[in-house]
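Heads up, the next two complexes both have chain A, just with different partners, chain B and then chain C.
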Partner chain A sequence: MTRDRRTGAETVMGPRAIRFWKRDLPRWGFLALVGAIYAYMFLPILVVVLTSLNPTPYLRLPPQGLSLRWYAAALTPDWLDPFRVSLVIAVASAALATLLALPAAFALVRHRFPGRDVVAALLLSPLSLPAIVTGVAILQFLSLAGMRGLLGFNSLLLGHIVLTVPYAIRTIAISLHGFDRSIEQAAMNLGATPWRTFRHITLPIIKPGLFAGMVFAFIVSFNNVPISLFLVRPGMITLPIRILNYLEYRFDPSLAAVNMLSLAVILVVVTVAERTAGFTRFVYSR
Partner chain B sequence: MIDVALEHVTKRFGHVTAVERLSLEVRRGEFLTLLGPSGCGKTTTLNMVAGFLDPDEGAIVLRGRPVTFLPPYERDTGMVFQNYALFPHMTVYENVAFGLRMRRVRDADVRRRVHQALDQVHLAGLGDRYPRQLSGGQQQRVALARAIVTEPAVLLLDEPLSNLDLKLREAMRLELKALQHRLGLTTVYVTHDQSEALVMSDRVVVMHRGRVEQVGSPLDIYERPATPFVADFIGTMNTLPVAPVSAVGEDGFHVVTSGGARLRLPGLARDGARLLVAIRPEKCRLSRERPAADNAIPATVADVVYLGTTLRYQVTLQGGDSLLVDDLNVPSALLARGEAVWAVLPPEHCLLLDAPK
Partner chain C sequence: MEAGNGRPLSTRPHTLPSASATPLGQGKSARRRGPVVVLLAPALGYLLLLFFIPLAILTAVSFMGFRSGLIVREFTLGHYAKFLTDPFYLKILLTTVRIAVSVGVLTVMIGYPVAYFLARTRSKWKGLLLALVLAPELSGVVLRTYGWLVILEDRGVVNTLLQSWGLIATPVKLVHNATGVTIGMTHVLVPFAILALMASIQGIDPTLELAAMNLGASRVRTFLRITLPLSMPGVLGAFFLTFSVSAGAYATPAILGGFFNDTATTEIYTQLLYILNWPFAAAMAVILMAVVLAAVILSARLAGRLTGAPQ
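For the complex of A and B:
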């Protein structure tokens, strides 16, 4: 019941009014909100896309034309070398971190042993420490241990493994938490040894968690600045560090082109992981 | 031929003894049920036979081979789990084939035996489905096919029907029993559902607090429960505390209820000051007139419960003891609440038990 504005009498809402207020307005209002959130997330990327394709050094709207000159600038050894370093480090550290995280996650989830909480806290500490502290600590450790020779590729790899192991442990631990152990018992009952049970039953079932961990590790490593900052050496620097160095002196759209290329790499990695393991099912808990 | 033997098996968890000196033999082709309330040790026993738990004492023998400390994968048992435990990433066919592949059976034989097993549980044609695409009843059949396809020495079933709805559960009881009988499978079945145990079993082992209370056919444990626990756990049982009468008559053993009513029981005198007379509600009778029969006690109808096929009267005996009496639901039998009646406890249906300490 509503009150008529002119007469002040109570009136019943007509069917059209009900449809508007109770159905159409909430529905379109919700869609508008979702649209706004997507715009907030994707408009900055759109700006980068436009900048990278714009012929002039400064973005003007509407665009002055279409040009690939900044991509040509991005595809020179100046950028490609750090790009390759970042890619190799990200792939290697994601793979090694996952390999290390697998037994760690099993131990933490499935066994109760003295000092378990301490071990868990230690393994996950890089998540809570500012990465820059970890970076400085690794550098100081290498100096004190007289292993400055490791700076460059080896130190980057070690540092990034420390950085990414917690992500892999987290996602693998989550997939192990929901694991029904009677499925493994069933396999052993049917004659599978512990190894074959792990290989044919446990591993395929936790695969989405494994791949999710690997993808997170890859992205975290690929984008990392604060740890890499301390561990690079001339001739062996990662892409984010190269971008940072470049920005100190100038700003031009070749940076936008470089960003587009690294975005493409991450999209490829995510797509491959999704195709092989359906890991979004894991991330959004199906 | 004994397929499964447990010899004085004991299992403790910390200070709790889950199974205490349990000895048991399962004959070839026999359907044996471990029946008891939760925590009675029945599932622990099953897990020890399967090899998921090691006993602290005693021995387990499968088809003459001691397997006490062998891992599960070196024993020849087929288990159906309460939640089915199907492999979610494998199709129905692959689930059933798994045990054969682990035994390195040739591909052609795998195919033949898997299809045969799926036929036996009426799942032919569903081999390509994944477990999540099946109903609860179908998943349970897959679990069954997976367990029998390897032709194990013993089939172990851990409350396999408890997750199904009532109608399906009752249908599956008969189907499972028929399959077991047709294939001659030696079976150990764990349940807390007494009607399941009575319907399906050749022999029932009633367990309580890690010990065996009674072993017998369904008829034995229903008609002649050996202990007050079995009497109470299986079906409904009236128990009346009684004391022996010093003078024993020619016609049997006489006891007197706490309310002062005298009862004649068949058989010999028993010692013990604390005895119980047990009788099933359907074995008692009520009548308006004083009957000529033995063991008639004056009583009052306290309550009538309508159960469909039967009526259940709760009567208060002279002296205050309460007694349940079942009668067929026919109009002429109907008694009203508050009515004065005679309750008859026929001597041949009265059991004498030692009262629990």
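For the complex of A and C:
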């Protein structure tokens, strides 16, 4: 038996044991739990990596060797064609969304006008709706308006822009927010026209945000399922939809290799964006 | 990000930083309205044509008749009545809501420790650790869901391990049912819950926790009596956020539920592209939209109350 230093009461535990039970164990237990959750977050991605390199059709742990046979299966026109479609749509919808978003973000951040909050909510509303509803709505709209001919590349591009515009607006708005406008004022005081000021002062300063918005839009479009789902047509299909269609009937590790292909694109894009524009600070800023 | 299911990696997708309060910007724009209209026109016009008008048409179609495979121009509430009375479709609605509730609860439970850690850590790696939470979102939902299929299927990682340890004789059914969909969707949406919870926990004054511990409360007791109750708005906000995304998700229920599983989104797909009953598919889409928007609004209200932002 020992005495508690503070209360003087007799306890069965020494001060060390108390510190262990009351402080150290909860702390280390908590950190272990957080570590485990981090591991869980990456678990399925790790499994896809392992599956893509595993020689047998079913993944065994520990892995039983190394093989690139699934990559050989992935690098065929069956997968490369949809892959190319996804890339082109993602680049085009990101670029067009940025063009639409830049002036809108300017208006929202720089100007105060009646109904500004409503306009902002409207512009961002595609993000709050289930995207599958948007997909259904666009398909029915194109059909009933007699524009079924647009289905395929055009409809995919039009549909993706609905979703990429709000992402781009939000990211660009973040970069415009906290912009020191006295620099612009100085340029104009020195006689620069508004356009010249925009071109030589404003644009260079918000370029990282613009670029981050474009990358955001690219990723959103590249990974999109619920809008593409209704707007593809035979011969003009995006990679995620091709994977879904394949999964409906078959299931083999070539899919893991195909998924690695798209993961590689995302990794390259994000790395470049991080190096040039500090992408991550736009990801979680609010 | 197609964060999970076409959603942003932020807890408050429908908010923007407020207008810059510099007198410079205000004075000028108050005088000239013209530029604002010109600046907003491209984006608003685009969304009007390809988002708001299509949604209006969708809603209109949901009230139209459907006979012998054709849309009939008449007004009917039949599709809504069918969805809300036919036991088959009621079951679909219930399954969707049940999965969404499970996902909401699980994401909050799994996300809370990480959110608490990130909100309170003074590590210089905090930025990196936060980026790591969000990184999986950048890979598509299809990739991660495929990963779960490899883990959970009959001859997958889990079943093989359990069998080799002699714990089970026959594979446990973990995919092509609600269990698989819940597991996969929870994983996709945990980062959303973490962001929402983190914002809420950061709003709690850490000195309250220190005071409790100074008065002799253990860490566990401090958490249960101080931190958790104060973060309840964040907990509910995170719940409704992941609930709403989960209810509207398609890819995960399709892949892990086996494509013809009974969830609202997969049923909309079936009705639209296989049965070709567009008015009924539209009615289901409108109902789904209503459920999701209700959850989104609740989530935003709770997040707003927490940060003291005006409603």
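One rule holds in what follows: the second predicted complex is superposed on the first by the 236 of 286 C-alpha atoms of A that agree within 3 Å, B and C clash if a C-alpha of one lies under 4 Å from a C-alpha of the other, contacts with A are read in each partner's own complex, and residues count from 1 in each chain.
Criterion: a contact is a pair of C-beta atoms (placed from the backbone, for glycine too) under 8 Å apart; a residue touches a chain by one contact, two chains touch by 3 or more.
In this text, all values refer to a predicted model and were calculated from it rather than measured experimentally.
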Chain B and chain C placed together on chain A: clash or fit? fit
Practice prompt. Answer with first, second, both or neither: which of chain B and chain C does A:190 touch in the superposed model?
Written response: first
When the two structures are overlaid on chain A, which partner does A:28 contact: first (chain B), second (chain C), both, or neither?
-> neither
Check your understanding: Looking at the overlay, what does A:119 touch: chain B (first), chain C (second), both, or neither?
Key -> second
Request  = Based on the superposed arrangement, let me know which partner A:99 touches: chain B (first), chain C (second), both, or neither?
outcome  = second
Taking the superposition on A as described, I'd like to know which of chain B and chain C A:47 touches: first, second, both or neither. second
Of the two partners chain B and chain C, more of chain A gets touched by chain C
Task = Once the structures are superposed on A, label A:201 by its partner contacts, choosing first (chain B), second (chain C), both or neither.
result = first
Shortest distance over all C-alpha pairs of chain B and chain C after overlay on A, integer Å, is 8
Contacts of chain A common to chain B and chain C in the A-superposed view 182, 185
Note: in the complex, chain A contacts chain B through residues 180, 182-183, 185-193, 196, 200-201, 204-205
So, in the complex, the side of chain C touching chain A is made of residues 1-2, 5-17, 19-20, 22, 24-26, 29-30, 33, 35-36, 38-40, 42-44, 46-47, 50-55, 57-58, 61, 110, 113-114, 117, 127, 130-134, 136, 138-151, 153, 155-157, 160-161, 187, 190-191, 195, 199, 218-220, 244, 247-251, 254-255, 259, 265, 268-269, 272-273, 278, 281-282, 285, 288-289, 292-293, 296
Touching chain A in the complex, chain B uses residues 50-52, 71-73, 77-79, 81-83, 85-89, 98-99, 102-103, 146-147, 150
Chain A contacts chain C in the complex at 22-23, 26-27, 30-31, 33-34, 37-38, 40-48, 51, 58-61, 99-101, 103-104, 106-113, 116, 119-134, 136-141, 144, 158-159, 161-163, 165-167, 169-170, 173-174, 176-179, 181-182, 185, 216, 219-227, 229-230, 240, 243-244, 247-248, 251, 255-256, 259, 262-263, 266, 270, 280, 283-284, 286
